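Every chain is named by a letter (A, B, C, D and E) in the order it is written, and numbering of its residues begins at 1.
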């Protein structure tokens, strides 16, 4: 079966599981929202907030993402489904793309919510010119994150004590995304007088990152997951 | 068997598991460290950092704590040990105290590391007078967090999609601790010209909080965990 | 043998609506209908006083009129959470244990969340008017937000499943812990350096007519609260009753399963 | 003398489904009772109910003289349950696990050593972490934990599954000794020849009800 | 014609422990082979190795003509494995699970329906999520997934455990049909009477070694 059909199959399965268990909708979203609130309160120090709003959006995304990835692979590991997938000869590339697809979809929803919150809670304003920039940033960053998340999620899935190994593996790698996305978003928001033109170089970084991990993952996933 | 002996037994067991699996030492600590660094990245914005250092220390503690609590109950749930504990007639109060004890010990280690990092990374200085204040804050806050974490960890342990229900339940409740600890720490660090005398009222809040959840948990844990 | 129902079992013998027959009954009674009318009247009064009779504020101009929703909803939310706490306590005490208390707690929490929501919205609107922003990280606003989320969490816990008894016990404990946050919100203005108004009503900073309008608001909201809780409580009772009814059907099927073999 | 287990019209519910639909059961002290029946009949549910893990929705339920319908925690610590899952800590060694579970019920060090011996785990395996054991070796460890408890009522859910020939013989001997010593044993199993030979009485569970 | 399984002095290691210590095995097409042996002998390891899940450390290992010592992924998709765990998604219904696993190997909708039928899951149960099934009902679902796959080599690890009388008969019939249709079957089991009657040949695994 073609890698792409496999990917669709896996993604559909993951999204159906979410549909049945409603874990993301009922719990991860509220969690993300809370993270924003906590940040805001912990950092509430004469108008620091608006200045760091973009950074916070992405930090919150990252933390919620950890939970998402964990969940995505807990599902595969709970009853040895990952082994079964391998025995079934499902192309690892397909598994990778499929899970990344499902993860990306969930991340997208998450980010939109967080962004709206940032606008409301932190009075972040989107400069008209920045709108396109913002959208592209989000697409690029989300793709990148979905790929990294899946890649390392799969890696941690095999290891014991995975619930804690995962963050360790992932955070350092996504740091570039964090920075890139933050700067680009700042540019879009016009934070600290950043102009949207400053944003574009970062988009480059984000895209590069996404492509890199997309290709890398599709090729390497097989040797990562099978223990 | 007396509640207290049970507590010691459970705590010893949890710490031995940690000793064998080294999950906290090898994974949670680095994670916490990473979180601090990430903050530094995301907020790297003309000397915001030193000003918000105390808040960040506590935020990082909270997020790492989520991982710790999850791990603490994953261990009990993986193979139905929680049921077995109930059938064995182990006093729920004992289970609660025991797991809180082990969690507290791990948190303490974590916080010390984070605090040192804050001093190094964010150039936070401890005012001489603040030293005692700081220590008491940490003791009070840690106790409180350990109790809350165990209480809600136990509650979420039974539920499906627990890895995500936990944060939702826990974060709003620990918010007071976050606030209290942050302000008290600010006072100790003398951040924004806060003087350590301002810190003491917060200690009161923290202690009250710890006592409340300690007593509540010991009494109510039974009905929370049994499904 | 289904009829063998010792009082110790978790089918709800305490409330009259525990019997399946109750399901066909409407949730209204004469009392609630009277109450409903009273509420309506109260609301009309509130509109009249709040929007027309009460004077503009010196600094806040017409914006002050939000006060008549904002403050009553906030205080009634407190009351609702208080009631949740008390009836949870009543459930926890063996002598008064009954699922009716649990349902009152649940209903009251639902209404409380609704009112706290109104407070948040009206507050942010007011904020936009008088501070020029929807939201700020002022201590009261934040603690209010936390309180709001806490009770959403409480409602989530109510839906964790298990028997009615388990649900009741679990949520009762959470409620007793959650209610402790209310004073935190109330005194937050004292404890932190806020932007938000602090005790202005209690210290009588309001002109006579304003104060009266506020009281009208409080009375109207109280009536609304009682009316809503009564109805929700009965609906919940019926849901529980429905579960029991469904169980009888399921039992028949389950036994039939045996017959086939 | 009061019966060890006395159920009348017991109904138990999980997720809205009546796992037990009016079970009647009467077990005397010293019996070895075999619960047989099709998949999904309610055997596991019945055992969990007797262990006080599953709340009684309706009916009369007494175990070891305690009314578990009123308070299902009352009977705990006097019963021992071996469920489908083993209740072991994967990171701890075999002996650590047995020692821990023994300690929770105040068993002596000798009891622990004896039960390890009994299940043939006293050799190299004693120091191996559970996560490195085979399925059957885990099952043996779980059994050792149970043996160390010296319960008055033993509840075993498919105890033979996964055990090798020697293990099965050890198990049967252990159960016979226990019942000879006055303990009561309830075994749910699909291996009718084997368990049938062990049991002093057989009842059939079907559709959440108990027959015979 | 090439043998289905051909192992010579195969050594496999898990966590530094030699789970297989020189296994020699030769299985022809259409055989139903029973692997017996004490707990911890290496039966599960042997099956996992044949499924390409366990790397070959030393020795010659060919399955369905592929050299799995060189590339253990080669054989995948042509073998079917039922391990100690079921590999099911707890939140999905029985039919969703079987449909998914069927689809991964391109099985038709009819195959899926047929295998559900075969394992007696086509009634009320088909729409029930796995998390609400009994142990045996889960095992049946896992078997249904396996049946839907129509593998050339069936590897089953204690397939009878947890199944009720009817389920066991269904299973045995299925395996006989499969081998009659030219598939090869390897079963690891401790239920010697039952599995013995099913098998065309029995080999004993001891201390990570096999002869036969």
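The rule is simple: a contact is a pair of C-beta atoms (placed from the backbone, for glycine too) under 8 Å apart; a residue touches a chain by one contact, two chains touch by 3 or more.
The shown structure was predicted, so the numbers you read here are calculated from the model rather than taken from an experiment.
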Graph separation of chain B and chain C (steps between touching chains): 1
Top chain pair, ranked by how many C-beta pairs fall in contact: A-B
Chain at maximum distance from chain E, centres defined as averaged CA atoms: C
Centre-of-Cα separation between chain E and chain A, whole angstrom: 37
Distance from the mean Cα position of chain D to that of chain A, given in whole angstrom: 46
Cα-centroid distance, chain A relative to chain B, in whole angstrom: 26
For chain E, residues contacting two or more additional chains: 91
Residues within chain A bordering two or more other chains: 21, 26, 30, 34, 41, 160
Contacts with two or more other chains, residues of chain C listed in rising order: 142, 146, 149, 156, 161-162, 166
Complex contacts: residues of chain D adjacent to chain C: 8-9, 11, 13, 15-18, 21-22, 24, 38, 55-60, 67, 69-70, 206-209
Partner chain A, residues of chain C touching it in the complex: 133-135, 137, 142, 145-146, 149, 152, 156
Chain C residues touching chain D - in the complex, by the definition given at the top: 1-2, 4-6, 8-11, 161-163, 165-166, 243, 246-247, 250-251, 254-259, 261
Chain D residues touching chain B - in the complex, by the definition given at the top: 51-53, 73, 76-81, 83, 85-92, 96, 100-101, 103-106, 129, 145, 149
In the complex, chain A residues that touch chain C: 26, 30, 34, 37, 40-41, 44, 49, 120-121, 123
